[in-house]
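Take a look at the structures listed below.
Two complexes, one shared chain (chain A), two partners (chain B, chain C).
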Partner chain A sequence: MNKHLTAAGAALALISPFLAWTWTPLYPGDLTLYGYPGGSQLVTLVCALTATALLAAPRLAPAGAVRALRAASLAALTTTWVTVVAIAVDLGGVVNLEPGAWLAAGSTALLAVGAHRLPDDTLDPPRPVPRLPRWAEVLVITAVFVLAMYVLTYGITTGSPEEFLAFLPAALFLGRALTVSGLGAALGALTARNRTATAVAALAAALVFPFTQSDGQYTAIADNILIFAAVALGLNIVVGLVGLLDLGYVAFLGTGAYTAALVSGSSFSTLDIGPLPFWATALLGMAVSLVAGIVIGAPTLRLHGDYLAIVTLGFGEIFRITVNNLDGSSGPSLTNGPNGINSVPDINVLGFDFGAEHHILGVEFGRFANYYLLLLAVIALVVFLYSRVGDSRIGRAWIALREDEKAATAMGIEGFRFKLLAFAMGASLAGLAGTVMAHLQTNAVPDNYKFADTAPPNSAFLLAAVVLGGMGTVSGPLVGAALLYLIPAKFEFFSKYQMMLFGLALVVMMIYRPEGLIPDRKRQLEFHEEAVTT
Partner chain B sequence: MSTLLRADGVTMRFGGLTAVDRVDLTVDSGEIVGLIGPNGAGKTTFFNCLTGLYVPTEGEVRFRGALLPPRPAKVTRAGIARTFQNIRLFAGMTVLENVMVGRHTRTREGLLSAIGRGPRYRRTERESRTVGRELLEFVGLGGHARETARNLSYGGQRRLEIARALASDPGLLLLDEPTAGMNPQETRETEQLVCAIRDRGVAVLVIEHDMRFIMNLCDRVAVLVQGSKLVEGAPADVQADPRVVEAYLGAPQEETA
Partner chain C sequence: MTATELTQLLADGLILGSMYGLIAVGYTMVYGILQIINFAHGEIYMLGGFGALFVYAWVPGLRAIPLWAALPVLLVVAVAVSVAAATGAERFAYRPLRGAPRLAPLISAIGLSLFLQQVVFNFFTLPGSSMGVTAPVPFPQFETAPLDLAGVQVSVAGLLTLALAAFGMVALTWFVRRTRTGRAMQATAQDPATARLMGIDTDRIIVIAFAIGAALAAVACVTQGLRLGTVSYNMGFITGLKGFTAAVLGGIGNIQGAMAGGVVLGLAESLASGALPHIDALAMFSGSVWKDVWAFVILIVVLLIRPQGLFGERVADRA
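On to the complex of A and B.
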């Protein structure tokens, strides 16, 4: 009975995107056509397809299909209702809804009710996933990354807040479906078996993005996400691996940016150096940030817990106030104070001008696409360093310090030295991202490097990206950074309530999923102790 | 038989409280020495003085003739490893990783070699892994290498702590109440384990309340009472000593009155 209810809901939900939801193309995405799903209807279609697949072939889900089905039904329900309500609100009344919209709203509700009344069939342990031949595994990994990239691209390129609002819950609930179905774990095992293939596939999928973009509007967003993500990953060493709460991390991004701006040959630069070649700028930015990391870390890392958090918070603000004051009147002339260093020229590597348009494989590469490629290389380097060092004698020492500092010292680990190493390494990676950021934004100004602000990167958002995404993982901070950049960027109309909504989202997240969106397998146990059988 | 550890007049004061008062103790190589005493006698504080967690107010500790630096990491490098009274594992790491952390002082791979992963790095990692597996086998956790440490049984966690300590190739192992909370069966197994450790050529200094454990195992026993060493000698002699009985049970009433 419930099964039939669910199936009917899924079938009708599948049909509804092919009908018109409203009569006027004024609503973004043009939902007026019969037979051609467009805009947010596509999201509903994908959710309904997922639900139908789970219903028709429950064996697809190794850990049981019903909970995944419920998550997919919630994805369909939320995205459809958001769109339907948005149409009514935007166009001024339910009269603007065509029968298709009513069908969509009703059928997704039916689907959700039906799915939640089905008996739970969770399997513990999950059904074993058949091993595929190696080439097939690589193919699956590639397909998954292409799909993930497609989803992310859809999110980045949504043209209106309504469409993003319809996309976000669907993405989150479908992600949940992936986890509870056991497919997430199977996928994790798959990528763990094929490390190199995973890295190549991820890089290749990311490389495709600029080829799909005709103008720089959305590539600029992607650039900023990549910078944010690189810094978040650096912070993840300090916070995720060593467990040190650093609230002033953005200072190292700023150090890198200011270093790059000073030696860029900009006419606003107070130093008569440059322009240096980019490799030299990058190394210099890393080196200066490294020194800054050691200078700040050496006195502060003798503190523990809350005290360390307070002191790093202080140092983060000291950085911003200092660059504000190095203007020649309050202090030595170096940074032009609040005006910052402007007109930082574009990077030029061996005659390849990042500011100019290039044609690669017949595709036009604008300024932001050029920087996108460079930032992809930066991210790849950061991920490479992070995973190599994280999985070594040093990484083990870091995690041991996080788990139990006293026991770690008793095992011969010199706590201070290894904490300082983590701090310095994190700082230099942030510095590297900073050098690119100065060129991308063509300036370095103090107000970009605050503790908290309504838009990333700032220390609070960086920390949130790490915690939200999943501490101690590689993909966690990347996902966290993408979400935390996109949400404020897409919801600018919330301006006044943005921080409040952000805080609310963090509280909800910490209650229901304290281990982050992509949990470290071992960490997950820490937060859900009751689930562990001893 | 050579003297491995020599503590001379070790004193630890916290403000006005003297927790450890001029304690002398030696441990020879190949020996199992017991350290007993009522609760609060200063046994664990004395351990902490030996391992560099505390800097003794007075007195000195020598290991293999050399003065021990008052830093836990350096003490471990010098060859003294320890376990804790309340288990302190790296709960979120796997069992094997825990033991590999124990290898820390015996390996030197730095940042660059972790990034470069040259042949020397791979060889060292492989060795750490092999030593780790061998030690897990030795303490009876061979089948649990890939489990998360927190998922081990209580006795298993105690044994893992010992394996982790042994991974640093110590000359002397300090065990702080290794059988606390164990049932008689597990206690006997731990006894055999400690004997096997001695047979590997590692001297053992053990704090313990289980008298049968002490009597079966120790070559020598020292009794700490209120921070000072009361008696030291063969287990049977110590057990029979009226001063020890008094320290534990109190003096007969008419004598104190």
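On to the complex of A and C.
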């Protein structure tokens, strides 16, 4: 009975995107056509397809299909209702809804109710997933990354807050469906078996993005996400692997940016140096941030971890005050105070001008696409370092220190040395990202490097990206950074209350899901074990 | 620099420092018991000032009487608001995380701190203006001219700060040393597990520690408002940082040390902005904008050479 109810809901939900939901193309995405799903209807269609697939072939889900089906039905329900309500609100009344919209709203409700009344069939342990031949595994990995990139691209390129609001819950619930179905774990095992192929596929999928963009508008957003993600990944070494809370991380980014701007040959630079070649700038930016990291870290890392948190918080603020006042009148002349260093020229590597347009394979590469490629390289470097160091003796020492410092020290791990290494490494990676950021934004100004602000990167958002995504994983901070960049960027009209909700979200997250959206397995156990013993 | 100028700087520093000390006590008490930094303490402090301002602005009778007569009401309201916020914070943001890995309460505290700041930013309203505060808001002022003590100018608000800080410290010391609850607090700070076995309700002690810290911070914020003439929604951030610095200077966990640390920090800050112009090499870094930087440098130096604090009692690191 419930199965039929669910099936009917799914079938009707599949049909509804092919109908008109409203009568006027004024609503973003043009939902007026019969036979051609458009805009947010596509999201409903994808959710309904997922639900149908789970219903028709429950064996697809190794850990049991019903919980995944519930998540997919919630994805369909939330996205459809967001769109339907948004149509009614935007156009001023429910009269603007065509029958297709009523059908969509009703069928997704039916689907959700039906799915939640099905008996739970969770398998523990999950069914073993058959091993595929190697070429097929690589193919699957590639397909998954292309799909992930497509989802992200859709999120970035949504043209209106309504469409993004319809996309977000669908993406989150479908992500949950992936996890509870056991497919997430199966994919994890698959990527762990083919690590090189995974890295290549991820990079290739990311490389495709600028080819799909005709103008720079969305590539610029992608660039900002990449900078944010690169810095969040660097912070993830410090916070996620070693468990050191760095609240002034953005100051190291700023240190790198200011260093790069000063030696860039900009006419606003107070130093008569440069332009240095980019490799020298990058190394210099890393070196200066490294020194700053050691100066801050050396006195504090010997003490209880909380001291580090407050000292880095102070450092972040002091950095901003300092660059704000090194303007020649209230302090020595170095940074032009609040105006910052502007007109930082574009990077030029071996004659390749990042500011100019290039044609590769017949596709036009604008300025933002060039920087996109450079930032991908930076991220690849950070991820490479992260995974290589994380798996080495040093990484194991870090994790041991994070889990139990006393026990680790008793085992002969020199806590201070390893912590300082991590802290300095994190600082220099942020410095590297900063050098690129100065060139991409063509300036270095104090207000970009605050503790908390409505737009990333700032220290609070960086920390939140790591925490929200999942500490100690590679994909966690990437997802966290993308979400935390897109949410404020797409909901600008809401900016007044953004920081308030952001603060509240941090508290709620810590209480209910401290391990983040994509938890590190080890870390999840750590949180839950603690919860059980106390 | 003349002797009078120097005395003036020292007097200013002492007043500023005693305010820092009042804030530092809150950090030190919570840290002494729970080993967590209450990041939201700066915002608890800020809420006290806004609570007082709210009553003063909305209750017409208060503006009709002289400020010194209204002051007790302002202080009581400020303390009530801060204590309510602090105990609420303890209940909803910290207690659920007791026993979680130590990163969790810190992050929760940061979230709470942003939240409280933004609540004031978005919703604090004065009569006749729209909702929300973006700029510093005027705080009621004493009209009396500063007192002239042998050439040294001390404002009424400054004297009031000193008096309240002194009274607060004496009362707190008496409370911690002489009362049953105070001794229970000491026991909890030394060893919570054993304290619980001895029949002490440690949850209650923790709430009291939060409340006392909040009350002193609220008093500090009212005096700050009276001295400077404004309060702003983000004043708690840097002042909270200074309060923590003072607590570290005094040796974290040491209540008298916190006050002493506050005074040392206040004196250092006052001298940094007043005396440095007379030193050629550092004159460039002497303006009032640099005083926060100097406070931070002091924190780093103290952590480097004397991490247990100037009057260090405990090098707190209990597993």
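Operating definition for what follows: the second predicted complex is superposed on the first by the 519 of 534 C-alpha atoms of A that agree within 3 Å, B and C clash if a C-alpha of one lies under 4 Å from a C-alpha of the other, contacts with A are read in each partner's own complex, and residues count from 1 in each chain.
In this section, a contact is a pair of C-beta atoms (placed from the backbone, for glycine too) under 8 Å apart; a residue touches a chain by one contact, two chains touch by 3 or more.
Everything quoted here is computed from the prediction, not taken from an experiment.
After overlaying the two complexes on the shared chain, residue contacts for A:349 are found with neither chain B nor chain C. In the overlay built on the shared chain, the residue A:421 is in contact with chain B alone; chain C does not reach it.
When the shared chain is aligned, chain B comes close enough to touch A:408, but chain C does not. When the two structures are aligned on the shared chain, A:385 is found in touch with chain B, with no touch to chain C. Legend: residue contacts after superposition of the two complexes on their common chain; A:505 is shown touching chain C, with no touch to chain B. Residue contacts after overlaying the shared chain place A:363 against neither chain B nor chain C. With both complexes placed on chain A, chain A has more residues touched by C than by the other of chain B and chain C.
When both complexes are overlaid on chain A, the residue A:396 reaches chain B alone and has no touch with chain C. With the contact threshold set out at the top, residues 406, 526, 534 of chain A are in contact with chain B in one structure and with chain C in the other.
Within the complex, the chain C residues that touch chain A are 31, 35-37, 39, 92-93, 96-108, 110-119, 121-122, 132, 237-238, 241, 244-245, 248, 284-285, 287, 289-290, 292-293, 296, 299-300, 303-304, 307, 316-317, 319. Per the touch definition, chain A reaches chain B in the complex via residues 385, 388-389, 392-397, 399-400, 403-404, 406-415, 421, 425, 522-523, 525-526, 532, 534. Put simply, chain A touches chain C in their complex at residues 239, 243, 245, 247, 295-296, 298-300, 302-307, 309-311, 313-315, 317-318, 321-322, 324-325, 330-332, 406, 451-452, 460, 463, 467, 471, 496-497, 499-500, 502-507, 509-511, 514, 526-527, 530-531, 533-534.
Residues of chain B that touch chain A in their complex: 51, 53, 71-73, 76-77, 81-82, 84, 88-94, 97, 100-102, 104-105, 107, 109-111, 114-115, 117, 121, 124-125, 128, 148, 150-151, 153, 164-165, 168.
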